[in-house]
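The letters A, B, C, D, E and F name the chains in turn, as written, and every chain counts its residues from 1.
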Amino acid sequence: MATPEDRYATGVATLQSITGSSGEAVVESLKDIAPDFADWIVAFAYGDVMSRPGLDKPVRQIATIAALTALGTATAQLKVHIHGGLNVGCTPQQITECILQMAVYAGFPAAINGLVAAREVFVERGLSAV
Amino acid sequence: MATPEDRYATGVATLQSITGSSGEAVVESLKDIAPDFADWIVAFAYGDVMSRPGLDKPVRQIATIAALTALGTATAQLKVHIHGGLNVGCTPQQITECILQMAVYAGFPAAINGLVAAREVFVERGLSAV
Amino acid sequence: MATPEDRYATGVATLQSITGSSGEAVVESLKDIAPDFADWIVAFAYGDVMSRPGLDKPVRQIATIAALTALGTATAQLKVHIHGGLNVGCTPQQITECILQMAVYAGFPAAINGLVAAREVFVERGLSAV
Amino acid sequence: MATPEDRYATGVATLQSITGSSGEAVVESLKDIAPDFADWIVAFAYGDVMSRPGLDKPVRQIATIAALTALGTATAQLKVHIHGGLNVGCTPQQITECILQMAVYAGFPAAINGLVAAREVFVERGLSAV
Amino acid sequence: MATPEDRYATGVATLQSITGSSGEAVVESLKDIAPDFADWIVAFAYGDVMSRPGLDKPVRQIATIAALTALGTATAQLKVHIHGGLNVGCTPQQITECILQMAVYAGFPAAINGLVAAREVFVERGLSAV
Amino acid sequence: MATPEDRYATGVATLQSITGSSGEAVVESLKDIAPDFADWIVAFAYGDVMSRPGLDKPVRQIATIAALTALGTATAQLKVHIHGGLNVGCTPQQITECILQMAVYAGFPAAINGLVAAREVFVERGLSAV
């Protein structure tokens, strides 16, 4: 079993590779209200889960973007993971494809709201979506 | 714009490549109660959406598996798309990875129920999951 | 304000007109575990809400069928309200239309599961759906 | 089968009758990021589905309002369809009835949020709700 | 059975004890668009349900906070009930514990959004969360 | 930070106190398909989260029962946690109260399905619910 230090270090590295500085900002912002929860994001969500080798990082981001678009309850996190997808090598077109596929599985409103979130991210980064 | 015949033919081909005979069985079974809906599955869901070139077929299946695992409301369709993932080249390990990642984004019960569905599919196909 | 006796009597009448004997069976079956909850179904859900004159009974059933199909978490109750729609004058075709419209608003799996529920009800009643 | 031109023309007509200019604005706004998706809204959602004769337009809007209120994840679209209901002949009272019925099927918070959306629409249009 | 006057009076007392003046403000604000619904909040939700003796008031608030955090569709109501928990004797730490437990049952994004809502309430009240 | 051995041992102890032998059976059953996920249930869900001292064990079970009843997507897990509530000192009446409170926050169908799950558990254990 990994030591706690290893889990945390692995998590920090994966968090940075996916979310850049914004993920660390979320983690920092949670430390005042729930410091252990902030640790869980690093050590469990990014250290234990998102660092696993079984899926390529871009595919993991597609899976997260698909799920958050379908659920429709976490717009801020969806935007973090659209940034994350771009950070690990997804193209805007691949992210857009994933979101509009959700029209079939979760309905048109879910897909429209996902596209609105994606457009905001693409505009922030000066990217063209089409 | 594609002709209706093209949309339908494209949809049938994609439906077969992803779901084999089981998808056609679902479509057939819906013809008694909602024949136009059966057509929409073929022409829209598979013809217009799932046939698009912008994402590889295995990645599209990962996106669908992620979404249906996270939603937790469509076990039958989740199993169809786990079969579909295997049919288009996903390994059991990749599908399992996608499902257990959902523990982070949709909670442990959603991931457990996804794993139960995956195990049923893997057993049906005589596959080992680990 | 209505007396408790009025609320209850109004609820019983509406419950019977919508669900026939099956709704009363559900209410009876809940009396062992949660008798007050059984009363709430009658006095509040059917007495206060479903008895209101502002929407025709068939339209109210369409609204309930739409919501339960979209949510996808209450198959037993969806079937009760498909029966209810038929009991108050909806045709099988109208119910089917409502369910397949949900493909747009909640995704194809939700609509498919709604159609499966509807077909079971139509078969129980010896109805043709198309 | 309808030609693509027919599907599109039917969709545009239904989109206009339900959403007036606001639906077209949504479709236009999506053309930069996902032009095919914008077409799907017109040709599939409005052309294939919402144009069907099997349910009256006001009842279709009630079904959509019920579903979006119950899901609680698409406030912008709920407001579009409350406008849509009013555009095709629903009264404010009928829309309000539909939303508050959702307290029974999806809980009081869902209904409250639906009522807040409805009030915003009614105020925009200078309508009294009671 | 309780008289309507008793139900209403019980509901007003429980509404005030849980939500202070803010709950009454919500009820008042709904009277223009749905006066009967405003009565249902008082007489049914608070009078019939939340006034019951079978669970301590702080535990009832924990149950509501857990459910609204998990659903993720009712931020305004979640904040009302975080206030409510504090009003009936929950500590900020107990509320935070409940919310972060939801990471296990509904995913990390649901828990993060719940924590953001809690922090806003704690800041409004000048409370420290840790 | 806790050592991995401590996290696991703490998790096993909490898992046993809440779920008795049934939780271990779930964990065992997942080892063939996702052994690391089985570890996460023990070390993260039960070791890191459910073992925390900030909420009494019965209140934690009430929070879980509330959330799973409201979500309506995890009947098997809901039953595990109704057993868990009884195992750590909740009375059947307290569990029933929590579930029927969900009628207000997630709708009557969610509460009915929760009551059906509770009745099954109470019957398995030879308990009277009222």
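One rule holds for everything that comes next: contacts are C-beta pairs under 8 Å (C-beta built on N, C-alpha and C of every residue); 3 or more make two chains touch, one makes a residue touch a chain.
These numbers were taken from a predicted model, which means no experiment stands behind them.
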item	value
Graph separation of subunit C and subunit F (steps between touching chains)	1
Inter-copy rotation, subunit C to subunit D, in degrees (Cα atoms; steps of 5)	180
Per Cα centroids, the chain farthest from subunit A	C
Mean-CA-position distance for subunit F and subunit D (Å)	39
Subunit B-subunit C separation of Cα centroids, rounded to whole Å	31
Set of subunit F residues in contact with two or more other chains	36, 40, 44-45, 49, 52, 68, 70-71, 73, 77, 96, 100, 102-106, 108-110
Arrangement of touching chains [line / ring / star / complete / other]	complete
Subunit C residues within the subunit D interface of the complex	44-45, 49-50, 52, 54-55, 59-60, 62-71, 77, 93-94, 96-98, 100-106
Subunit D residues within the subunit E interface of the complex	71-73, 96, 99-100, 103, 108-113, 115, 118-119, 122, 129-130
Of subunit F, residues touching subunit A in the complex	1-5, 8, 36, 40, 44, 48-49, 52
Residue numbers on subunit D that touch subunit A, as the complex places them	26, 30, 32-37, 40-41, 45, 68, 71, 73-74, 76-77
Complex contacts: residues of subunit F adjacent to subunit D	70, 102-110
